[in-house]
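Sending over a structure as structure tokens; questions will come in a sec.
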Amino acid sequence: MLYYIGAISLILIGMYAVLTKKNLLKIVVGLSIVDSGVNLLFISVGYVKDATAPIFSMPSLTADKMVDPVPQALVLTAIVIGLATTAVALGLVIRLYDHHKTLNINKIRQLKW
Amino acid sequence: MSWLAVLVLVLVVVQIIAALFSVWQKDLLLAALGTSAISVVLSVLFYLLQAPDVALTEAAIGVALSTIIFVIAIKKTDRYEE
Amino acid sequence: MEFSPVLYIAIPLFAAFLIPLLGKVSKTLVKLTPGIVFLYLSYGSILLFPKAMEKPIVQVVAGFKPPFGISLYYGATAAFLITMVTIVGFVIWLYSYKFIIREPIEKYYMLFMMLITGSTGILLTGDMFNMFVFLEITSIAAYSLTAFLRDKDGAEAAFKYLLIGSFSSTFYLLSVMIIYSYTGTLNFADIAGKIDLIPPMAKGFVLVLVLVGMGIEAEMFPLNGWAPDAYSQAPSPVGAVFGGIVVKAGLYAMIRIVFLFFKTPEVMQFLIFMGILTLLIAEMAAMRQHQIKRMLAFSSIGQMGLVIIALGIGTMGSTSAALFQMFNHALIKSLLFFAAGYLVFHSGSKQIEDLEGLGYDKPVTSFFFAVGALAIIGLPPFSGFWSKLLILVSVAKAGDIAILLLILTGSVIEAIYYLRAVVKLYTRKEVPDNVRRTPISGLVAMGILAAIILYVGLYPGVIEKWLAPAANNLLNAADYIKAGLF
Amino acid sequence: MISVPVILSVMFLGGVLAWLANRFVPKGASWTAAIIAAFAGYLVFALPSCGGEYTLALGSITLVWKSTNYSALFAMLVAVLGFLGILYSMDFMAGKKNLGYYYMNFLFALGAMLGIVYSQDLVSLFFFWEVMTWSSFMLVIYSGEEKSHKAGIKYFAYSAIGAYLILSAIVILYAQSNSFLLSENVKMFSGMSLGTQIMVISFLALGFGVKSAMMPLHVWAPEAYKESPSGFTAVFSGALSKMGIFGLGLVVFKFAANTEFFVYVRETLAWLGGLTAMLATFYAVIQSDAKKLLAYSSIGQLGYIIVGLALGTPLGIMAALFLTIMHGAFKAMLFMSAGAVYMRTGTTSLDDVSGLITKMPLTFLTALFGIISVAGIPPLGGFISKWMLYQALLETNHYFLIIVIFIASTAAFLYLYRFIFSLFLGQREKEFEHVKEVPWSMLVPMMLLTLFVLVAGVFPGLVLDPIGKAMGYLGNFKASWEPQVVFSAWGEKINMQVIAGTIGTIFILGALFIGFKNRKATRVVSTKDIHTAGEIPTENENLTYAVNFNQPFERAIAPILKWSVDKLFNLLGENLESTFEYLRYVYTGNGQTYAMYVILMVVILILFSGSIFGIHL
Amino acid sequence: MRKAIAILLLAIVGYYFINVFIHMPFGEKREGVGKYYLENTVKETGAANVVTAIVVSYRGFDTLGEVTVLFLAATGLGAILFGKRGEKRRLQGASVIVKTTSMMLYPMVVLLGAYVFVHGHLTPGGGFQGGAIIATGVLLMFMSYRHFNVSHNALTWIESLAGLTFATVGLIGLALGTTFLQNFLPLGTPNDLVSAGIIPIIYIAVGFKVGAELTGVLDNMLKTIR
């Protein structure tokens, strides 16, 4: 339960940063916090009480005492995708800074209406 | 309440504080380190949730790489928020 | 080796991995590769299309039966849309051949190929999380392509797109999570069968997340703030990619999910409402644009609104009309973006004002623009007319005359602003001698599109006969479940 | 075997051919176009008036083209006027740029009009309707000047609204009947619900009304007529606007006739037509440009036609259809003569040109016959139609409408006289001393039409014959007529030849008398050398008598002119556009705001999910 | 103003969010594909690590997509930052101690990364983690040596070849008349290094690819002139 609340708080804090922070880098930071929150939420969804990791490293481990492996597999993918998004976003931020000499999103509004 | 639950509580609280810290911190370098801290805690939480694979990935990617590209980006732009 | 639907995803990907190596050999080879890929995929379409129309082809990946492995669902709808993507993709490649002259050329084609992978993946996949992956591939490729010119505005547009796109993927991932946590499966067909396991409240939340998350990709108002910027600042062929491929894939994803899991009258009503809102506001905004590509972007949003209305009506006729409209819009909007690309290039300005006199200076390009404009308004000899007519008929059959009139209001506005641009083009004005010519490859690309538009306009039966199975495939959830789980 | 598609493909392929010809042969376009128009005209006349049927299956939609008696009437009008218009254009347009474009669109417009009248299904009707709109639009903007573009966009905007109204009516009909065939829809129309009937009829009437420039939807017409090249204006006003009448005829007698509220439809249309006739005439009076004047006159005449159609009695329909043909002829004559004046003097302003009678006698003669016909003076064609119209109004007891029509007819004299007087009569300015008569290729069409107007006036039976058949198509109307004879309301027969002979004699005698009396009786002074007491006019002030010709009348009708529909629509349009302007401020350009919209959307959907999706969160 | 609206909106979203999740069972066993995987992975794929089996085998297609996403990020970054590269870096060279240590650590880190992805099907970790570790190693060198350069040619070759290997392994499955990415090698005994069919091949390819791509990303960003 605590995991859920922690994850949701992370998502909301990240979104708050995305919605209100003027600095482009802060917005990207916000996006990555949201990502972390989503990942945590997903893993906690797959958790089973008193179970082990889904690796048959010892013969004593049995299938019915393991956590759900699917969310873990999905989150692995999601983390990498999050990194890719962050990298592209930062590339764009560097480009934007190059052109505008500022990181303030309110000053980067050439395209409107 | 078992010690595990307390640990989780502490970790979650630390994580939220780190998140708030990186959102409000004017020095972007520190904010990036804040996300790194979130990732560290996250990694531990993943381990506690019996997901060692994910924990390892988070440690490698979230803690190291992601933070580093943030730092590089900050280097290439402004360090301080206006 | 028999042609398998998975090749629609694998071949472009293979090409994307191969291009950097080919780049070491020669630039021409890099430029040619996508063309070969598209020709091969079209060949595949010819083989598979008729089969898929009769019975959906479900292809398993990695040899595990669904729902345990990922399966690809090549049904009639997907076949229809993928064929569209191959045609549009081929033409876009042809156009890009001479249009993209800025380095890094090989990166452009790599991104383009991966974007095709992503879109065909979205159209084909039968797995909810897999769709997320392909959605991300498409989006990241699209962000990078938007900023490809590396100018001030391109980067800005790309950043906005990324910002909104991240929300889209986050929402979608959350909805995947909630669905998985209740049903324990990720396969669409499997989920559709177990959708009642989700308690109503979570179900409602998922619905909201999916509608908003996918609505962003489908350019639904007010979630489409990214679209005009991205369309107008990306290089012209990329604008065509957005209008012809990316949005269609996003809309398909949304509609597939909604039709499979949440097809209730209320949701359909909501879709109609959002469609009308999108259509009218986009058309009104387009009317007041001063930049030609921005105008095209808003018009594109408006057209998507029209498609959403037709899908929301949800009858057999309206759905097939919506698919027809999607097909036509993909072709016509590509043609418009192509022509606008060279017009902007020749006049050296993005403003509609500065297009004056180009109709006489660059007659062929201008002619193609005019053809596109006429076609998208829905003038009879062109294909746009039939789809619009079918949509209107299905709306009238549903008995909603108010919607009919609202659609027509949108059409009148659309007709007027397109006309203004065309008239501007043909206003007499001495233009300084311009030695730059529209290259042959660009003209051929536009010519192919114009020919298809005209041909379909004269013989709508060519497309029409495929619409019924495609619409049936989209509407009939029970068949999907049966085929998807075999 | 002549069938409809043959005629249509001759026209459309001919258009392309003309365009190609222009590329390779100088003057090639005009000859090609003339030959094609002549050939197509021959085909139209050779086509049996009930036949030439052709069915084309397009996907799930079947298109049917067929010639009926009703369509044959309009087809002949289009074919003849089209050929004459192209003939006229040969020299009128000589030396202009982009002739291939001109003739291509001209032929396309003609082909589209033929397509409209031959269509037996609603889809091809709409199809050709749009083609007609576009090709005529292309011709309106032909000159490529700013003004013509404005006029063109205005024309197009109204046409688009009209066309989409027609389309929505078509779609509503299809939704009910599952067929696009005209005959099917007519058959099933009486069985549809009242709401559907009202909607279909009002949409169709409005849609066709736009093209026939019915008030208050006429605003596009004056400028569009003025800006299009005169050779086409003749067809534009003479034939193209008649497509609206064609459609209205179908609406009134094929659809509305089967409903319970038929009488209201008729009355509304009749009054709209009457008002159109009257107001348009008033506007025509105050114009100072020949083509605009004729444009308003054209609107007014179409008003008469609508009145006639709306009366719904055999005599009324006969009057309307007769006037349709006659108006086609005489308005073409007038536009052609105005075009001839324009060609030689470079302007159509009534204030500047004067006294061309001796320089361009044949053009003058055409204009003279034209205005006599418009005014409805026997023995020319216009008289017959007016006569029958009054008869029909009397027959149906529309006394107020008679007054309206009468006012319109009387006021028409004012502008008609001004037209001929300002251009041809009076004293000639020095600058027009070297004006010559226009070449034969322009005179021939004008003369032919003049002859036709005269013959039709004397032998109305020639024209009444096809009209009678057309009426048979519209409904079970038994019309009786005899050649050379019109009936009066009191059952008396009036022999047109006697009247023609009498009036002709008086006319010739009068002309001779005036000619002899005024011989050498005038002294020539410069018209601009007028000294008024105490004031010295500046050089730029035009003091010709043609300025403010009808000023007293203008003053009299000033209150009516004050609220112009044109201004109203303009205001509406501007307000709408500024509303659009505000709406697009939604797109603020700030990415964060867009993100906020996304969250806002989520919140709205969550909060109202109960009422939107029926799922309570 | 904006902040107040944002807080209000997010509070509403958060409330319903928590409301949805509060009713979601936490820590309970779930029927569904997860259970099937746990029970059948060893039998069907021969991999001891179920997560790896899912990632590479059952949902190998996702992984292909994931690799593509990374490749895309490297390519996209290259396209976005193209023409902004320069050799003049503001980074100061590190001290001798750091230099020597990183010189010694570098091969070990790379080796560790390689170990992680080669043993992906046996232990926690796999291609991605291994690749990320390799990239970190390269980063170490970037940090310590001012003039440390990676060969672009080599990166391109590694990226492309690894990607092509992955795609080709998939296509071989198809060519053999089965399905895309289907295993065509013997499964071997679980917990052996050479086991689990094509999983190690794919993971090695992924490891190389991810390592090269992340290095490319770092290189692209580092070499960008401010």
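Per-chain numbering from 1; labels A, B, C, D and E assigned in written order.
Going forward, a contact is a pair of C-beta atoms (placed from the backbone, for glycine too) under 8 Å apart; a residue touches a chain by one contact, two chains touch by 3 or more.
Computed from a predicted structure; not experimentally measured.
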{"item": "Pair of chains joined by more contacts [C-beta pairs], A-D or B-E", "value": "B-E"}
{"item": "Chain whose averaged C-alpha position falls nearest the assembly-wide average", "value": "C"}
{"item": "Longest centre-to-centre distance from chain A, chain (CA-based)", "value": "D"}
{"item": "Label of the chain whose CA centroid is most distant from the centroid of chain C", "value": "D"}
{"item": "Between chain C and chain D, centroid-to-centroid distance (C-alpha), Å", "value": "43"}
{"item": "Whole-Å separation of chain centres (CA-atom averages), chain A against chain C", "value": "28"}
{"item": "Between chain A and chain B, centroid-to-centroid distance (C-alpha), Å", "value": "11"}
{"item": "Rounded Å distance between chain D and chain E, as computed from the means of their C-alpha atoms", "value": "73"}
{"item": "Sites on chain C at which at least two other chains make contact", "value": "129, 133, 136, 140, 143-144, 147, 150, 155, 158-160, 163, 167, 180-181, 186, 201, 205, 228-229, 285, 288-289"}
{"item": "Chain A: positions in contact with at least two other chains", "value": "3, 5, 11, 15-16, 18-20, 27, 41, 44-48, 53-55, 66, 70, 72, 74, 76-77, 80-81, 83-85, 87-88, 90, 92-95, 109-111, 113"}
{"item": "Chain B residues counted as touching two or more neighbouring chains", "value": "51-54, 57, 61, 65, 69, 72-73, 76-77"}
{"item": "All pairs of touching chains, each written as two labels joined by a dash", "value": "A-B, A-C, A-D, A-E, B-E, C-D, C-E, D-E"}
{"item": "Of all residues in chain E, those that touch chain B in their complex", "value": "49, 51-52, 90, 116, 124-126, 128-129, 132-133, 135-136, 139, 214, 217-218, 221-222, 224, 226"}
{"item": "Residue ranges of chain B touching chain A (in the complex, touch as defined)", "value": "5, 8-9, 11-12, 15-16, 19-20, 22-23, 28, 31-32, 34-35, 38-39, 42, 45-46, 49-54, 57-58, 61-62, 65-66, 69-70, 72-74, 76-78, 81-82"}
{"item": "Contact set on chain B toward chain E in their complex", "value": "51-57, 60-61, 64-65, 68-69, 72-73, 75-77"}
{"item": "Touch list for chain A against partner chain E, complex", "value": "1, 3-5, 8, 11-12, 15-16, 19-20, 41, 44-49, 53-57, 63-64, 66, 68-70, 72-74, 76-77, 80-81, 83-85, 87-88, 90-92, 94-95, 98"}
{"item": "Interface residues, chain A side, partner chain B - complex", "value": "2-3, 5-6, 9-10, 13-14, 16-17, 21-23, 25-26, 28-30, 32-33, 36, 39-40, 43-44, 46-48, 51-55, 66-67, 72, 75-76, 79-80, 82-83, 86-87, 90, 93-94, 97, 102-104"}
